[in-house]
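Presented below are the structures under discussion, each in the form of structure tokens.
Same chain, two partners: chain A is paired with chain B first, then with chain C.
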Partner chain A sequence: MRFKRSFLSIPYVIFLLIFVMAPLAVVLVFAFTNGSGRPTLSNFIGFFRSSRTIATLVYSLFVAFITTLVCLLIAYPTALALAGSGFRRKHILLLLAVVPMWINFTLRITALKEVLDAIEGNLAFYPFLNTIIGQVYDFLPFMILPLYNVLDEIDPSLLEAGRDLGAGKAGLFFSVMLPLSKPGIMSGITMVFLPAMTNYVVLDMLYNSTFIMGSLIGSYFNAYDWHNGSMISAILLLLIALFSGIERKGEGR
Partner chain B sequence: MKKLILITTVIALLLTGCQGTKSATPVSDDIVTLRIANCEEYIDEGGWDADETIKLSDGQRIRGVDSLISDYEKWYREKYGKRVKVLYSTYGTNEDLYNQMTLGNTFDLVCPSEYMIMKLMREKRLEPLSRNFYKRNELYNYYAKGISPYLYKRMHSLTEGGRPLTDYAAGYMWGTLGTVYDPKKVDKADASSFEIYLDPKYKKRITIKDSVRDTYFAGLAIDKEKELAMPSPDYSRLLNDTSARTVSMVEDIITDMRENAYSMETDTAKQDLVTRKVDASLQWSGDGVYSIDQAWEAGRRLCYAVPEEGSNLWFDGWVMLKDGISGSSDRKQAAEAFLNFISRPDSVVRNMYYIGYTSVITGGRDATILDYIKYMYGSDKKNAVEYDISYLFDDKKGSHIIRTDKDQLDRQLYAAYPTEDVLARCAVMKCFSDPANRRISRMWTNVRCYRFPWES
Partner chain C sequence: MNENILELRSVTKSYVPGINVIEDMNLSIRKGELVTFLGPSGCGKTTTLRMIGGFDLPDSGEILLHGQDIGQLPPDKRPINTVFQKYALFPFLNIYDNIAFGLKQRRMDKELIRQKVRHALSVVDLEGFEKRSVDSLSGGQQQRVAVARAIVNEPEILLLDEPLSALDHKMRLEMQAEIRDMHDNLGMTFIYVTHDQEEAMNLSDRIVVMANGVIQQEGAPEDIYDRPANIFVADFIGTSNIFAGVVTEKRRARFAGSVFKTDTELPPGTRVEAMIRPENVSITGPDQAALKATVTNDIYKGAYHEITAESGNYEVCAHYRKKLMPGSQIGIDFPRESIHLMPHDMDMNVFEGIMNDDGSVDFSYFSLAPTQGSLPYAKPGMKVAVSFEPSDADLSDDQEAGFARGNIDTIIYIGDHYTYIVRGDNDEEYYVDDDWLWNMGDRVSIEIDPMKFRWKIIE
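Moving on, here comes the complex of A and B:
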């Protein structure tokens, strides 16, 4: 056998098969079988029949949507300021924005809990607000990084050209900057939206005693109901695939 | 294609490799291997500082230098002239253990709670204890000699498929479900009822458990309040009601509790009590003792109360698994020897000190454990009061009395060793039947799921 370039991927393919494909297969088998091992669609139908699980799904999507929106609103100006900074060593500024990522996130959230407690007096009265603050705190660097990368790459001569052709500040932003930074926005959204939908640890730690999709799965497994738990995981996977499909389409254009 | 074959072969090799180590049963004749799974932090792991040495009145010095596991291995070799190797692993909850077993992990000895023991009995997965295990005249039968007669009776009264729990399980730690509270913020009378979890006076200043059985129990006690208040109620029947009607009543109660609670937690409440975020918290007695100790160091005085309407008595116990022991008399003998070793009075003291929970072993004729209770909670002061826990040791009133500070009657001593009247109103919550389990799981998911605003 002659060495081929594709051999380099063998370690990853093995990793993928054992830790991604095999568990995925197990999840799918459980999702489409019942307690006695027979194939069934009742788990799937059951999910959409229960208004509580649908409500939980909608709530998770809503939490993820608001988190992403707030992240974007904070991250875009930040990335813009960073990229446009005249500071010679601007990677140091970037570093400052990313430093929180180096600290384990449960530690950060534990600290955040104390801060919020000092401000609010009693956390338990503001569960939704705390969830959003916690999630934004957790995911903000993931939005800043890709945005900074695209904004920093934008050729200044393009902006100059725009100005020469008579665009005002707003026009420059909306017809030059924003379209050029679209790939960064898209990957930022993927990095934030999808994990925000299932990241129940933040909710648990900041005391919103409501399920989002992640914790709902756990509750089924605790009740020995592996089939419904697997079905919810499968539905989430489907949603994630759907969103990435939409995103790819958006990028392609 | 070749590449694919290569990859599949590698994976197949890897998988069989894993399989090989997992299901390997110990074959060597001279070394017995014992696979033990226990809750996290649920046995003395040693490493005590010298100043933590427990000095008992009879001159005994007890200190955990090495872990009880390695001490057991040494002891077994000395006493039986054979070598035993313990493969020790831990799990988080009873459900984790059950899932691990279902996924094919094999253990010889595990330590679940009473309801999980009943579930395993129902599924015929347990190896019964040998007759010899309960013989009190055997030299090393520390369990038979030391088990509290009262707690043995309570365990014996639990049956599954016509056989008592004690045929299969050796008790380990036990306790009650109650409320840890700050007496400056919460009236004792309020804390002595499950109603506190619905009381708007304490809105968002209390926590309940994020565990379906405990919180269901609290809701159930509120639902059955009237019946429980009648003269000589049948606690066990009332506090094990899982009928569809009751479950739906309890769902409403728990939903209100959730609204009223600061959080539903698994172990953050201990910290939240210390940092004054909450004033009362639903806890197991052992965690209660721990919280009271921790808070005391941080300058907050906490107390423990067991609800007056009736509460939960729980046990954790060691059971042998059939598919682990797999008929090996050597392994079974080593497993029972382990149970006896950890029931030896000094081992019991080490465990109780390290874990903070109360052992079912009271020592029988050996006074070590009683001495330890006096060492922890006793007092020589003039105003000390008498606290009678004779019922745990035998039937004679007044035979086992601790002289203690009056303060202890609401605090650690009361949490660790409640009085007889408290246990008389406590019931063990049995294993739910399969349909009841489905009902209660659905109820629990409903409570936690988000609701559309127009639905609530």
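Moving on, here comes the complex of A and C:
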């Protein structure tokens, strides 16, 4: 048999089957069966009947939304300053902005916890604020990077064209800069919003009392309720697919 | 039509201290004119355009629009619009919104915008393209949109920065004609930047030829072609035969190894460059003309043969209606009215060198140290030039007295003094005025007061 280029994909296909498709299938099977292995929709219906799961879902979306918004508000001016910097080796400045990513995530949050504890006296005083600080600290580099990439690539003559056609500084930002950086904003949101919705480590460590989607799944699995846990995972998956679809449409224009 | 819409007064611009991209530029542009800035890359033509557009600000001098200095205003405050080199269309907007951009910034009434955009599209011949995206258009179409986007704002002046450089040759010729038509129909003032002399010839009412940040010549295309101000212009525009020479007596000049009658008014003794366009060179039998020459090459160009011939050390290019075999003997003459003499001022006594760590400068033939303060911004490793006036230098037979040495090569008598061309040991030339009579071949050194040297940073 002659070697074909498509053979090169075999290792990846095997990897995909074992580590992505198979677990997905297992999750789906568990989500739609009950304890005795019979197919059922009761897990699905149960998700929407339980006020606890719905409240957690809404809360997760809310935390993720605030996290993304704060990240965007901090990252945009930062990326703009980095991209516009006259510094010859500006990638070093960028490196400084994303270097926290090199440190282990749990370690970072533990350190943050100590710092916040020292400042606030007791973490329980501002649980929500602490969560947002932790999440933003964690996800900020993922927002800066795509924004920097887009802003750095902007053709200066487009900005000059904007000025030439009568746009003042604000007009230039809203009519030229922002539309041009939209792809970066979109991928930044993907990189932050979806993980922020399920990232329970920050909440666990900085805000012990409330659950986020990730920790809810964990709590079911810890109680050996594979079926309900799987259903929540499946629904989250669906939500993520939905968000990505909306986003791709937004980018597609 | 004679009113000046734009005036540049003593405009100077530098990006690096000590190196002027534009040096003391003065220029007037009349309302409704189509003016082209023509020059090689790095000559300052784009910088000048950017200063008019407001993207760069002059360091000193004034840019007057209707007599008002707009030199320090930002681009959005000037009634001037630009067609950018790579079009700079907004990729996130469709054609309609691209063209409407400027009008929307001015918060114009929606219906009025619609009418104006439609009209602009009809001017550039793109009716029905409103909803198309920028990527779906060809280069030529994008070019038209860029023009429409600029003219829809009805600017007082339209700037075009090498707008056709990305198009292929045939498309370029078509667009040149269209831009010319558009200009004539709109009655707007156009300032056009290009490095393509043919394009400048085709388009312009007036051409401004630039080199090294200085205007070399401005005039109608015919003026520039027939009567170039100096050898740079002669060489840059079209093909030409250029010979170094001197005016020997009234209306006679010696160059290319012979003396020719000319129409020049330049006084005897003036060093000149003589320029003759190939189409004006007359070819005769070997003994019927001023120069005897041997044909070295013949290239058929369709309408004529391009002949290259050698006469002594000189090479002459001529257009001829018949084929001439290489090796054949011919006579060459330059008709009196076709000889254009230009005073020789371009590179007399100019030498380039590199600055050393100790502040002295090595030239290929000699070494000098700039006097205090004459080169304030120069740093070691920079390329600098030194020049001096022939009248400031003197000849000496003491070999150690001067900064450079050589043998006298040419003697020109100019009424009350002589001008000598001294040929240095490396074939370099020094022009020196001296009251004393020296002989051909005399070994001399060249003396000059160090304060009389003029220094300049090149890069």
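Quick note on the criterion: the second predicted complex is superposed on the first by the 252 of 253 C-alpha atoms of A that agree within 3 Å, B and C clash if a C-alpha of one lies under 4 Å from a C-alpha of the other, contacts with A are read in each partner's own complex, and residues count from 1 in each chain.
FYI, a residue touches a chain if its C-beta (ideal position, glycine included) is under 8 Å from a C-beta of that chain, and two chains touch if they have at least 3 such contacts.
Values in this document were obtained by computation on a predicted structure and should not be read as measured data.
**Q** Following the overlay on chain A, give me a clash-or-fit verdict for chain B and chain C.
**A** Aligned on chain A, chain C fits beside chain B.
**Q** Identify the partner contact of A:16: answer first if only chain B is touched, second if only chain C is, both if each is, neither if none is.
**A** So A:16 meets neither chain B nor chain C here.
**Q** Applying the touch criterion given at the start, work out whether A:122 contacts chain B, chain C, both or neither, answering first, second, both or neither.
**A** first
**Q** With both complexes superposed on chain A, which partner does A:26 reach: first (chain B), second (chain C), both or neither?
**A** A:26 sits against neither chain B nor chain C.
**Q** For the overlaid complexes, name the partner, chain B or chain C, with more touching residues on chain A.
**A** B
**Q** So in the superposed three-chain picture, is A:238 touching just chain B, just chain C, both, or none of them (first/second/both/neither)?
**A** Neither partner.
**Q** Once both structures are overlaid, what angle do chain B and chain C make about chain A, taking C-alpha centres and a multiple of 10 degrees?
**A** Taking chain A as the apex, chain B and chain C sit 150 degrees apart.
**Q** Working from the superposed arrangement, determine the closest approach of chain B to chain C, counting only CA atoms, in whole Å.
**A** It is 38 Å, taken between the nearest C-alpha atoms.
**Q** Under the touch definition given earlier, write down the residues of chain B that touch chain A in their complex.
**A** Going by the criterion above, the answer is residues 2-3, 6-7, 10-11, 14, 93, 95, 98-99, 204-205, 210, 212, 258, 261-264, 268, 275, 277, 437-438, 441, 444-446, 448-452, 455.
**Q** Could you pull out which chain A residues touch chain C in their complex?
**A** 155, 157-158, 160-168, 171, 175-176, 179-180, 182, 253
**Q** Would you mind writing out the residues of chain A in touch with chain B in their complex?
**A** 1, 6-7, 10, 13-14, 17-18, 51-53, 55-56, 58-59, 114, 117, 122-125, 205, 207, 209-212, 215-216, 219-225
**Q** Can you name the residues of chain C that touch chain A in the complex?
**A** Residues in contact with chain A: 53-55, 74-76, 80-82, 84-86, 88-93, 101-102, 104-106, 149-150, 153.
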